[in-house]
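Following this line, the structures themselves.
One chain, subunit A, appears in both complexes that follow, with subunit B as partner in the first and subunit C in the second.
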Partner chain A sequence: MQHGRFLYGLQFAFTIAVCAFLVVPVVMSILAGLTVNYFVGLESGLTLRWVLEVWDGYRDTLFLSLGLALACLVLTLLLGVPLAYLLARSRGRLARAIEELLMLPVAVPGLATALGLIVAYGGLAGFRTSAAFILVGHVLFTLPFMVRSVLAVLSVIDLPTLEEGAASLGAGFAQRFRDIVLPNCRNGILAGALMVVTLSMGEFNMTWLLHTPFTKTLPVGLADAYASLRLEIGSAYTLIFFLLITPLLLALQALARPRRTVFAERDSSAENDS
Partner chain B sequence: MPRRQFLLLLLPAALFFSAFFLLPMARLFFIGASGESGWLAYLAIVTDANYFRALWTTLAVAAVTTVLTLAISSIAGVFLERHRFPGRAALVAAMTLPLAFPGVVVGFMVIMLAGRQGIIGEVFTMFGGERPIFAYSLAGLCMGYVYFSIPRTILTIMAAAEKLDPRLEEAARSFGATPWQVVRDVILPGLRPALISAGAICFATAVGAFGTAFTLATRIEVLPMVIYTEFTMSANIAMAAALSFSLGAVAWLALAVARSASGSTVAAAG
Partner chain C sequence: MMQAVPIYLENCAKTFTDGTRALEPVDLAIAAGETLVLLGPSGCGKTTTLRLIAGLEQPDAGGRVLFGGEDVTALPIEKRNVGMVFQSYALFPNMTVAENIAYGLRLRRQSAAEQRARVGEMLALMRIERLADRSIDQLSGGQRQRVALARALAVRPRALLLDEPLTALDAKLRDTLRFEIDSLLRELGITAIYVTHDQAEAMALGDRIVVMDHGRIAQVGAPRDIYQRPASRYVAEFIGTMNRLSGHAEGEVFRCPGGYVVWPELPATAREILFRPEDTRIAAEGEAASLRGTVSAAFFCGDHVRLFVDVGEERPLVLETPARREYRHGETVALAVERHGLMVL
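The block that comes next holds the complex of A and B.
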């Protein structure tokens, strides 16, 4: 028993150390963003000066990122939900191939996708310099997450039977889609939406090549600040990013938590692996 | 489903995907061969000494990252799944929070840990040692990738550990197996599919990620940085294109191998 205790303590300490490794730098960067002079330390006092400075100088990147994330969400919903439904209904070889193909922009490094977009469309000046150029990249990267998330929910319910029932009562395709398919994949859509927005807000690999001086997103601004501004400003900027992203991540965690499938009277909630 | 309906639903996504992914990629593939060396550019990654070295560095960093991440996450993940104690939920939440930090932010976290004013240096100097600054080296890059991969891997391991049958371990123990033997012969084989899929994602991310290396230093010669330099500094688009394909192939291969060995895999590099 003594031995078991010892092992337990060892693993506990190890887990705490891993947690510290992940959390301590976050706390440090938050503190650094609020400290007058980080080199001197906390004794130099706390201030909101750096946060305000970032707000003045980089506000636009924040709004652009938010706008891009929302636009990305709308597009992935419009493109992804019908596609997920399609893949759920026809589990043939073609469906498998489509799913596989769709994952490519996630598997292939963002740098390569961005280069592809540049060589294909870099000549269209109006498009190249607009935020839509970045948006296209973000949609490519996040679409599979929406599709998978909705598909995960749709594939555990008996869609054909439900639809057949509705059809036998005279419901047309549009009505079935609206009243049967959409309500059933609500949880999947929600999880997918959170994932899409979170990923779009943080996307850098592609965005760094796709952006122009007039279309700087938040992560691009962050990279700029890390490279050229003092540590306190970089930290304050990171702090703002944390404030934006943490609610999204917490919501994702809350959504992913009920891991065992619960069958309520009406709707069944599905397991989600994201 | 009627064929017309099928096509109608497929069309928007198919058009978007063809126009903005398939077509650009095809274009990039031909541009890769448009340089001085023609189609041989696709072999440059093994024939050119500099690129070959960058490839090896990239693969080595990815391999070390994968091994470290899997080891750390297995110990912590199995522990968290097996034991209930006050504060456990908060601990899990804290450890999975960095899940979607972009690579640039992860790079900054590494600077916070091991940079010029990093906490690791502070601790060392407190004990009278010399201040180690390794944030801007390959070790720092590795640390960043491990940081990035731990949250996702822990979640995968926890989900897999939940499905392990504790009776197998009891049986092994009752036959006199030592804790180490139980880990090696019962727990690890049970976690194998999860380890393979999480490991592949980890490897692919470390191969293709760019943000962390970008934040830490331009001196780090990993393949994504080399491609970026070819594209921006030397304006050698052909070589950048050819190298991107090689890089993409390596990342895709890692995921494909894992997928055939286990269930599905989804990677998300910020």
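The block that comes next holds the complex of A and C.
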């Protein structure tokens, strides 16, 4: 009994220590972004000045990152879900090879991928200077995560038989895809979407090489701010990033989790349209 | 009542893209309202035959599938209007029980009222009304199979195709559902094709049984015919248990290592004779014991004992005898064979 309580205490202390290790820098950073002078400390007072300064100076990077993340999500959905479906349906060696090859952009350093893109397409000036150039890099990098998470869900259900069942009831390919395939890989799609949006929002390696002064994303701007401006501004920037990404992630996670309530919604909608 | 159609397979063979011949050219006529069982071990072509009828596979060139007078060979499954029940049930996990049953009706653009009425009817038919709003993962295996049947029948299919529907269930449930499916098929009068590897299931359900072997039809017939007059040793040994004695004929007497059997119709060339366990019995006292052997195993089954008697053959003879008396391993017993059960193949 005594022993058990000691162990529990130890685990508790360890957990707290790990949490503190992770949380303290975040809090410090947030505070740094809100203090008048970080080197004087909190006594110098709290201010929103830095946040507003970042907002004024770097607003565009923020919208660009959001836009890129959403565009990236749309593209990975359009490309990744059908690709995962095809990979799940075919058992050939080619399919397995594609599955492995798809992971390459994740394994290869982002800088290398970026260099490859620049060498191949850098000559196309209009393309090179547009945000689409960065988007291509982001899609390359995030597509495997979408495909993998959808594939993971598809491989645990007996998709071919489910489709045959639907077909026997009269469902053509489009109807099967809409009514059976998509709803059943919904959780994989949401998990993949979560990954894609976070990865795209935070991507720095590749973007740093791909960007131009007119296509700065949030992380690139952040590096800029840390390197050349006051620490308070960099921290305020981080704060804005947090404020932006946290609700986004929470919303996506909330969508992905509660299966039951979602079923209830489906029921009522089915009654409505029938 | 369902609209029952006859189904014809004409010269249907199936070769897969990797060159495997799953089915040799087969001709088969299934009468309207009949329950036909395709029986055989795995890889015998029974499932391929079912999938050809369903439209999940296309026969090789030259083969035709007809529903009544209509040639459906080129139609994919979604246009054939067949009900299909799978071994793994294939219920949609993203829909409730009622939604699963209504799915085919929804695709046929029936009104909400029509759908509700038909789903209610199906739920009542399968006696699963209280499961209507459950999700699939809340159902037991037996309940799933009932839902799968209800879903397949809801669309008033031209034929009901069942692919080993009971294999995933435990023995007791299998018995109950077998009985239910039998009454259901009889009540509905629907043309049904039932695939199984279980000969007991085949005999209980089938109006006729098609025994298949390596992509060929080994025999077609009523369960009783197939059991009592098997066309080949393959069929004889696949359906039920068959006892075998090897030896030679001497007039009306067949001589074998364990003794002799008298049979007036004995063909002079017979090298072996076959008979069922139920035509084999322990010789009565005072009866001329023509066969002698030693008990190699005795399984007590409550109402009877299943005896394995070694009579010097490759395999022991099997028989069932009342459990009144105990049999010990190694004990010598005298056996008699009923003449009407004897056959040569």
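As a working rule, the second predicted complex is superposed on the first by the 232 of 274 C-alpha atoms of A that agree within 3 Å, B and C clash if a C-alpha of one lies under 4 Å from a C-alpha of the other, contacts with A are read in each partner's own complex, and residues count from 1 in each chain.
Following the convention adopted for this analysis, a contact is a pair of C-beta atoms (placed from the backbone, for glycine too) under 8 Å apart; a residue touches a chain by one contact, two chains touch by 3 or more.
In this text the structure is predicted, and so the values were computed from the model without any measurement.
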Identify the partner contact of A:172: answer first if only subunit B is touched, second if only subunit C is, both if each is, neither if none is.
-> second
Figure out whether A:222 sits in contact with subunit B (first) or subunit C (second), or with both, or with neither.
-> first
Just subunit B (first), just subunit C (second), both, or neither: which does A:204 touch?
-> first
First, second, both or neither for A:104, with subunit B first and subunit C second = first
Classify the contacts of A:117 with the two partner chains as first (subunit B alone), second (subunit C alone), both, or neither.
-> first
After lining up the shared chain so the two structures overlap, which partner does A:24 touch, if you call subunit B first and subunit C second: first, second, both or neither?
-> first
Mind working out whether A:183 is in touch with subunit B, subunit C, both or neither, as first, second, both or neither?
-> second
Which superposed partner A:164 touches (first subunit B, second subunit C, both, neither) = second
Superposed model, subunit A: greater residue contact from subunit B or subunit C = B
Across the two complexes, what residues of subunit A are contacted by subunit B and by subunit C?
-> 274
In the complex of these two chains, what residues of subunit A are touching subunit B?
-> 3, 7-8, 11-12, 14-16, 18-19, 21-26, 28-29, 32, 38-39, 78-80, 82-83, 85-86, 89-90, 98, 101-113, 115-117, 119-121, 136, 139-140, 143-145, 148, 173, 198-199, 202-205, 208-209, 219, 222-223, 226-227, 231, 234-235, 238, 241, 245-246, 248-250, 252-253, 259, 273-274
Within their complex, state which residues of subunit C touch subunit A.
-> 54, 56, 76-79, 81-84, 86, 88, 90-96, 99, 102-104, 106-108, 111-112, 115, 133, 135, 151-152, 155, 161
Complex interface listing, subunit A residues touching subunit C | 157-158, 161-162, 164-172, 175, 179-180, 183-184, 186, 263, 266-267, 270-271, 274
If you look only at subunit B, which of its residues touch subunit A in the complex?
-> 1, 5-6, 9-10, 12-13, 16-17, 20-21, 23-25, 27-28, 31, 72, 75-76, 79-80, 83, 85, 91, 93-105, 107-113, 117, 119, 147, 150-151, 159, 162, 179, 204, 207-211, 214-215, 224, 227-228, 231, 237, 240-241, 244-245, 247-248, 251-252, 255, 264, 266-270
